[in-house]
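Below you'll find the structure I mean.
Chain lettering (A, B and C) follows the sequence in which the chains are written, and residue indices restart at 1 in each chain.
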Amino acid sequence: MEEDARKSFSLAELAGRFGGTVIGDAAVRIRQVAPLESAGPEELSFLTNRKYQKLLATTRAAAVLLSEDSADAARLPRIICKNPYATYARVAALINPDVRPAAGIHARATVDAQARVAVSASVGPGAVIEKGAEIGDSVVIGANCFVGEGARIGAHTRLHPNVTIYHDCVLGERVILHSGVVIGADGFGMAMDDGRWLKIPQIGRVLIGDDVEVGASTTIDRGALDDTVIEEGVKLDNQIQIGHNCHIGAHTAIAGCTGIAGSTKIGKYCMLGGNAMISGHLTIADRVVISGGTLVAKSITEPGTYTAVFPMQPHREWLKNAALVRHLHELMERVRRLEDEVKKLGRG
Amino acid sequence: MEEDARKSFSLAELAGRFGGTVIGDAAVRIRQVAPLESAGPEELSFLTNRKYQKLLATTRAAAVLLSEDSADAARLPRIICKNPYATYARVAALINPDVRPAAGIHARATVDAQARVAVSASVGPGAVIEKGAEIGDSVVIGANCFVGEGARIGAHTRLHPNVTIYHDCVLGERVILHSGVVIGADGFGMAMDDGRWLKIPQIGRVLIGDDVEVGASTTIDRGALDDTVIEEGVKLDNQIQIGHNCHIGAHTAIAGCTGIAGSTKIGKYCMLGGNAMISGHLTIADRVVISGGTLVAKSITEPGTYTAVFPMQPHREWLKNAALVRHLHELMERVRRLEDEVKKLGRG
Amino acid sequence: MEEDARKSFSLAELAGRFGGTVIGDAAVRIRQVAPLESAGPEELSFLTNRKYQKLLATTRAAAVLLSEDSADAARLPRIICKNPYATYARVAALINPDVRPAAGIHARATVDAQARVAVSASVGPGAVIEKGAEIGDSVVIGANCFVGEGARIGAHTRLHPNVTIYHDCVLGERVILHSGVVIGADGFGMAMDDGRWLKIPQIGRVLIGDDVEVGASTTIDRGALDDTVIEEGVKLDNQIQIGHNCHIGAHTAIAGCTGIAGSTKIGKYCMLGGNAMISGHLTIADRVVISGGTLVAKSITEPGTYTAVFPMQPHREWLKNAALVRHLHELMERVRRLEDEVKKLGRG
C-alpha cells in the first residue's frame, strides 16, 4: 500500500457523507482507520464496546467515532453517530476502495466463442469460461477461475483467483467469492442397490442472490432435482459446506467450518457460530442464533439462541465427569430409589 | 438444459430396462424426474418415504415409482419395483446422461512429453500433466487440474476443474473427483527435536479404488511410509479430511466436514455422519454407523450406531445444565452420601 | 520412485551424520526406511512406542533405531540414539530428498513485468505472479498458483500447485504450502446497518514466519486492520480455518479441520487436536494441549490438557443419557430435596 497516494478526508467531510455530529476540530484530516491501541496522528478509531473505553484516554488517534451515549467519553475530536461500527465500515471503504483489475479478457484466459462477456468485465489469466456462460457488467473473474457452461454471473460480482462455478449456476450482483470456493458440485446423493451405491444425477442448480459474500474454500452443492438457494445478503465465512437443496434465508450470517446437510431451510437473519452442524431436512426459523460447535438435529421454530456444547475442563476433571455422563441413567435410577426409600422412611 | 433435446421414454420402456411392473397406461411418456410436489405432466416421481404418501393424491406427475407394498397408494400410472429409489437413480441417469467434453488435449493444457494420455481422454485448458503420468481411456481432466509425476488415472475417471493429484498417486476406473479435491498432499508427520519440529518425509501414496466419488474440497493425504487406501465404491462428501495411512473399506459413505486422523482403518459399508471426527490409529468394524458430530476416540469392534453429541437446548437452559455437567462428580458424591445416610436411617 | 537410483548408506555413515552408537554390523547398508511389520532386508526401521516392541523379534528390517533404554530389545543391527523418531525423520529425509523442479519461469506462467523473481526460483505452468510481488531464492511456485500484488515469498519456500496468496501477504523462508491453501482472503467482518450487512474492508495482511508448513486446503484470513500472524515453526494440518487477526505462537501444531475464530491469540508450543474450535478474542497460554473435537469458549491461562467432548456410546444408551443431560438441573433439584428430607429425618 502506498500511504502517500491515499486521499485524506476531514472530519467535517466524513460527517457530511455518512451522518453524525462533529465535536472538536472538524478540520482534522484522516488518512486511515485503526484500532485505538495502534492508531496514529492521521488515523480515525472507533469504540463499539464499552470494555475498551479506557483506551480513549491514551489513544494517539486523530479522532474517534462514538455513539450518542458515549459522546463525552473522550476529549479528542470525534464524530458522534448512531452506529459507529457501521460508520467505521463506510469510512474504511472510502479510504480503502476495492482495487479492481482493468476491464478486458487476458490473452491467457480461455473464453468460449459462445460465452458472453461484458466489455466492462475483467477476465484474468488462466481463467476458463465455457459455452453459453454470461458474465455481466464490471464483473471480475480472477486468475485460473472456471465458469462452466451456461453459468450466469451478475454485474459487479467478483471471483477471486481459483474459484470454480459448475455449469448452469446463477450468481446475482455484487457477489464476492473468495479463492477456493466451489459452487455447484454434485450433491451427496446415492441409492444403495445390491451392495453398491448408485449415483443419483444432480440436475438442480445453485442460485445465489445479490450482495452475497462467500469465504475461502466454502462449497455449495447443486440441487438434486430442485435448486440450492442462497438468498440476498447472506454472508458465509470460510470452509463452510452447504448441501444440495438447502435454502439459506436473506441476510443470514454463518461462521467458518459450519456444515449444513441437504434439504435444510435456514431462515432470514440467522447467525450460525463456527463449526456448527445442521442436520438435513430441517427447518430453522428466522432470527435463530446457533452457538459455535452446536449440532442441530431438530427443526427450530422459535427465534432465540440455541446451544449444544460439552463444557470444557482440564482433561483430568473431564475424564471423571465424562465417565459419569455415560452412566447418568444409573445415577437417575439411584436418585429414584433414594426418593422411594426416603418416602418410606418419612412414613415409617 | 435444452428441454426439447431431451429424449422421452414410455413407462413400458423404463420397466423393460430397469425392471418393475407397470400399472395403468404404459404408453405414458417421461421426459424428466421430479419430486412429487413439483412434478409436471411429463415427469416421473417416486415415493421412498411413507411420510410423503399423501402427496400421491395431489401430485401432477405423469407417473410414479412405487414399492410393492405401496402399489395401491396411488391411482396414477405407476411402475411397481423392488427399490424405487434405485430405479429413480437409474431413470434419472438415463434421462440426464453425464455430458463429457470431447476427446483431445486442449491447446492450453501442458502435458509432459513423457506422460501417456489415452487418445480417448479429454484434457482441459490450463491442466498440467507431469512426466510419467498415465491418463486412461475416456478420462476427463478438467480445466486447471494438476496431475503430478508418475500418477496413474484409470479409465472413465473424471476430474472436475481445479483438482490436484500429487505425484505417484493411483486412481481406479470411473472415479469422480469434484473441484478443489487434493489427493496426496503430505500427511501431518513430524518429530519434535530440541524445540523444533522436524518434517518426516511422506513417501507413501494414495490408492483410490474403482467407482469412488470424492466431493468438493475433500483432501486425502499420502501415506508416511505405506499407502493411504480408499477401497472401491467409497463415497466421500465435501470438505472431508483423510489423514495419512488411513484405510477406508469398500462402499463406506462419509458425509461432509468429517475428519479421519492418521492410520485409522474404517470397515466396509460404514456410514459416517457429517462433521464426525475419528481419532488416529483406530479400527472401526464393518457396517458401523457414526452419528453426525460424533467424536470417536476408541476403536469400535461391533456393528451398530454410535453417538456422542451434547443435546441442543435453548441457551439459557443449556447454561444451567452445562454448568452441572462440570460438577457431575460432585453430584455423584452427594448421591453416595445420601445413600449412606438413608441406609443408616433405615437401620436406625 | 526408482528404487535403484536411490543411494544407500551404511549404519556407520548414518550414525556419523546424525549421532548415535551402532550395535552390530555397522557396514549394513540402508536404502529406505519402513515400519517394523513391512520392512525388508535393505530397510531401516524404528521403535518409538513400547507397545510395538514385540515386532522387533519378527521384523525383517536390516536394522533398527532404538532409544537408550530399549538398546537391548533387539538383536539385529541397530543405532542407539536419544530420539529415534527424530533420527528416523532425518534418515528418511536423507534417503528421500525433496525433489524440486528446475529453476526458471515456465513459458506458460504469467509474471508481471514489475514482479521480482529470483533466478534460482521455479515458477510452474499456469502460475500467475502480479505486480510488485517478490519471489526469493530457490522458491518453487507450483502450477496454477496465484501470487497477488506486492506479496513477498522468502527463500526456499514451496507452493504446491493451486495455492492462492492474496496481495501484500508475506511468507518467510522454507515455508511449505500444500495445494488448495488460501492465504489472505478477507476476514469475516461486517457491521449490521438497517437490516443489511456492510462489509468492513480487510486491510491487514497475513505474515507467515520461517519453517511453517500449511496443509491442503487450509485457509488463513488477512487482518481487518492489523495483521494475522503465524510465527515461525508453526505446523498446520489440512482444512484448518484461521480467522482474521489471529496470532499463532511459534512451534504450535494444529491438527486438521480445526477452526480458530478472529482475533484469538494462541501461545507457543501448543497442540490442538483435530476438529477443535477456538472462539474469537481469546488468549491461550503457551504449551496448552486442546483435545480433538473440543470447543474452547474461554481464554486459558495455564499450560495443561483441556477437553470438551461428549463421550461416545451405542446410540440407544446415548439417547437415554442425552435426555437426562437436558434435565440435569431437575435431577440436581431432586438431590437437593432429598438432602433436605434426609436431614429432617436424621433430626426427627
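Keep this in mind: a residue touches a chain if its C-beta (ideal position, glycine included) is under 8 Å from a C-beta of that chain, and two chains touch if they have at least 3 such contacts.
Computed from a predicted model, the values in this text were never measured in an experiment.
Participant: Are the interface residues of chain A and chain B largely the same numbers on each copy, more than half shared, or largely different?
Facilitator: Chain A vs chain B: different; shared/all numbers falls short of half.
Participant: Degrees of rotation, nearest 5, to put the Cα trace of chain A on chain C?
Facilitator: 120
Participant: Nearest whole angstrom, what separates the Cα centre of chain A from the Cα centre of chain B?
Facilitator: Here chain A and chain B have centroids separated by 25 Å.
Participant: Considering chain A alone, which of its residues make contact with at least two other chains?
Facilitator: Within chain A, the residues that touch at least two other chains are 108, 126, 144, 162, 180, 217, 239, 257, 275, 309-311, 313, 325, 328, 331, 335, 338, 342, 345.
Participant: Within their complex, state which residues of chain B touch chain C.
Facilitator: Interface residues on the chain B side: 108, 110, 126, 128, 144, 146, 148, 150, 162, 164, 166, 168, 180, 182, 185-186, 188, 190-193, 195-201, 203, 217, 219, 221, 225-226, 239, 241, 243, 257, 259, 261, 275, 277, 279, 289, 291, 294-298, 304-311, 313, 317, 320-321, 324-325, 328, 331, 334-335, 338, 341-342, 345.
Participant: Which residues of chain B touch chain A once you look at their complex with the stated criterion?
Facilitator: 1, 33-35, 38, 83, 85-86, 88-90, 92-93, 96, 98, 106, 108, 124-126, 142-144, 160-162, 176, 178-180, 211, 213, 215-217, 233, 235, 237-239, 251, 253, 255-257, 269, 274-275, 292-293, 309-315, 318-319, 322-323, 325-329, 331-332, 335, 338-339, 342, 345-346
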